[in-house]
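The two complexes that follow have chain A in common; it is paired with chain B in the first and with chain C in the second.
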Partner chain A sequence: MSAVDAAALTAWVREFARLVHEQRDALTQLDAAIGDADHGANLDRGMTAAVAALEATPSDDPAAVLKTVATTLIKTVGGASGPLYGTFFLRAAGALDGDDGRALATAVRAGYDGVVARGKAERGDKTMLDALGPACDALDEALGSGKPLGEALGAAAEAAAAGRDATEPLVARKGRASYLGERSAGHVDPGAASSTLLVQAAATALAGEG
Partner chain B sequence: MKKLINDPADVVPEALRGLALAHPELRVDHENRVVLRADAPVRGKVGLVSGGGSGHEPMHAGFVGMGMLDAACAGEVFTSPVPDQVVAATRGVDGGAGVLHIVKNYTGDVMNFEMAAELVAAEADTEVVAVVTDDDVAVQDSLYTAGRRGVGVTVLVEKLAGAAAEEGRPLAQVADIAKRVNANGRSMGMALTSCTVPAAGRPTFDLPDDEMEIGIGIHGEPGRRRVPLAPAREVAEMLLEPVLADLDMTGGDGVIAFVNGMGGTPLLELYLMYAEVVAVLEKAGVGVARNLVGSYMTSLDMAGCSVTLLKADDELLRLWDAPVRTPSLRWGA
Partner chain C sequence: MPVGLVVVSHSRALADAAVELARGMLPGRELAVGVAAGDVDGGLGTDATAIADAVTAADSGDGVVVLMDLGSAVLSAETALELLDDDVRERVVLSPAPLVEGLVGAAVTAAAGADRDRVATEALRGLAPKQAHLGGPAGGS
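Right, the complex of A and B next:
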């Protein structure tokens, strides 16, 4: 049986980078509505650099792969998404212990907790947590009921997308969109949208692993 | 999009190249995108570091020099600098008396400066104090927002804290001045047009010819409300009403009044606005002790302005009058 090893995690990162690049303008448009029109460009720059860093220094150590992504994002993205996505991958790297689905779920949960701590936000604030949180819950639940990783990640991706869509009517309480007050309602949060891509990338790239 | 650029991806490094050529009195670290005083670090002087997204020029790099900032970190357009940049700037200006970080209250800026301060603390014995500016009355300051934005008062903090540092005052006192300026300053801005982020290629928001946005920030983010276009004298009232309601500006030694252009508004209109601002202040019984009129904290090509009032005292006025020599603010030196 294959495993959630360094190669699999690298494939996840590559797929996320591909999706971010493909959705770059859509993410920027979401950000233009309630933020400052740079989310797609910034994350695309960061993930392109992360893929380049993984190519420059390939590793067999799964945690090292996640850590390289983390430090690259922190060094290149800036804004709020650099520290937040960087913290996600950094904490996930620190918590990764093993190469099965459970280990991945534990790492992703640690990454989520890191984003909560760094951003001082909670679910319902109209942020990336609204996609990542439900995704973590769905992943844990599916693995807990004995589903294979591919199926569990599929459920996580669906939960992330539902969480993303549910940000539309919310009034933002964190980040730049919160400056708009009530006017932030009626738009999907760009951070929740990019976080959904992260989970969808996992579902695509890791479907056959663990 | 019509802009004097080559490739949208290269706007910031190419602008820094021009800044370095235009101002040999500054030192530009192109790798880290940090602009420093050529004589940094100044021995025994508190170092002042600020920074933020690009697109607000002349803030911050235009305020690097004697009597103001020691270093400025240039992020991507409207994107805060990354921790490594702030670490490089902090190291570069540490003259042994500690370093003050002046941070505008935006989620990304605060997080990146915090991470930088943690990195500096882990590696060196440089003392770093951060002061966060949050003077924008357009934003509700509550548990339910990221807090008020740092806008116009940031320029005044950089000038006044910079003057205090130049006098050789210790870090705690320089930080106190910065906090006092922020606590006594309030701002409100408006836009006649959106701005166009080079990488986005089109205006951030659509604003019809007969409407304006009240309560905008400096990143092309929409404001609190959209209203019909009005004459300048009514705009002055709309901007000053919430400022004066938020903080009593009467009494004392008067205010420093700052009318700031957002990048796409001519000085002709800014002076006209300043006259309207003074008229409103006279009616409100607020005396103007000093003023600053011009485009100092911009939002790319946005047309519009912001008004900042700082309730001043003897000490702040003396620090305001102290010599300053930077590319974009200079007097007495």
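Right, the complex of A and C next:
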């Protein structure tokens, strides 16, 4: 039986990197509207480096894979998404215990809690939490009702996308966008957009696992 | 040994200039100030691993006060705490003081041999003279 092992997590990271690269300009455009116009470029640079780091030092320890991604993002992203995504992967690595869907959900939830703690933001502040939070809830709920991991991750990806879209009318309360006040409304949050890619990548890469 | 000081900034030039300014307030005295600033390519950005390294280098056992500019510098400084050894982490204070004013206050007290908490307190008070002079926190009448 397949599992959420180091190879599966590496495939998730690769798929996320691929999506970020593909959406690089779109992410930067979102960030140009309310931020400092570097989110796509920063995250693309970080994820490209993360994939390279995993190739340079492959590991069969799943937690080590997530830790490598964390430290690489922290080192190479430069903007706020470095420590935020870095903390997500760092906390997920620390909480990963097992190679099934439940273990993945626990790790992802720990990562989400880490982003909450690091950014001191809440859902509704127009941040990546608006996509990651509903995704974690949907994943837990689907696994709790006995759905297979692939289906549960599909539900998580849908929840993330809905959360991302719901950031459009919101007024930003964190980060540079918060300086804009009411003028930040009417734009999708770039962090919520990239976080949705992270969940979509999991749904694609881990569909047959666990 | 004096309390260690570390400056975190998006910009290497900004950090170096802030340190130069603070050193200017300490004629005839040497004070080591660690700098973790800029991204890996020398552009604007912050790197929590570089901050963790700078804090470890600045720590002589008497504690470290970290001053930072804004935004991701704050997030990266907090992330750096997670990367430190437990014993070093316990000796670190992340100061919410404004970078330039806080650094000057911290440098003067650290060079005078004050302990970590005193240095952190003086950093935080760094804005007080300017506020008093210009008429309060809102920046004047």
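General remarks:
Here, the second predicted complex is superposed on the first by the 210 of 210 C-alpha atoms of A that agree within 3 Å, B and C clash if a C-alpha of one lies under 4 Å from a C-alpha of the other, contacts with A are read in each partner's own complex, and residues count from 1 in each chain.
As a working rule, a contact is a pair of C-beta atoms (placed from the backbone, for glycine too) under 8 Å apart; a residue touches a chain by one contact, two chains touch by 3 or more.
For clarity, every value in this text was computed on a predicted model and none was experimentally measured.
Partners chain B and chain C, once the complexes are superposed on chain A, run into each other and clash. Once the two complexes are overlaid on the shared chain, A:L180 sits against chain B while remaining clear of chain C. By the touch criterion defined above, A:A37 lies against chain B but remains apart from chain C after alignment on the C-alpha atoms of chain A.
When the shared chain is aligned, chain C comes close enough to touch A:L90, but chain B does not. Contacts of A:L54 after superposition: neither chain B nor chain C is touched.
By the touch criterion stated above, A:G119 is placed in contact with chain B and with chain C alike.
Of the two partner chains placed by the overlay, chain B and chain C both lie in contact with A:V77.
When the two complexes are overlaid on their common chain A, residue A:V4 makes contact with neither chain B nor chain C. Counted by residues of chain A touched, the larger count belongs to B, out of chain B and chain C.
Of the two partner chains placed around the shared chain by superposition, chain B is the only one that A:T28 touches, whereas chain C remains out of contact. Contact with neither chain B nor chain C is seen for A:V20 once the two complexes are overlaid on the shared chain. On chain A, the patch touched by chain B and the patch touched by chain C overlap at residues 42, 74-80, 82-84, 118-119, 175-176.
The residues of chain B lying in touch with chain A in their complex are 53, 75-84, 106-108, 111-112, 115, 138-140, 143-146, 149, 197, 199-200, 204-205, 217, 219-222, 224. Residue ranges of chain C in contact with chain A, taken from their complex: 39-40, 43-50, 71-72, 75-76, 78-79, 82-83. For chain A in complex with chain B, the touching residues are 28, 32, 34-38, 41-42, 45, 74-84, 118-119, 171, 173-176, 178-181, 183. Taken together, the chain A residues at the contact with chain C in this complex read 42, 71, 74-80, 82-84, 86-87, 90, 118-119, 175-176.
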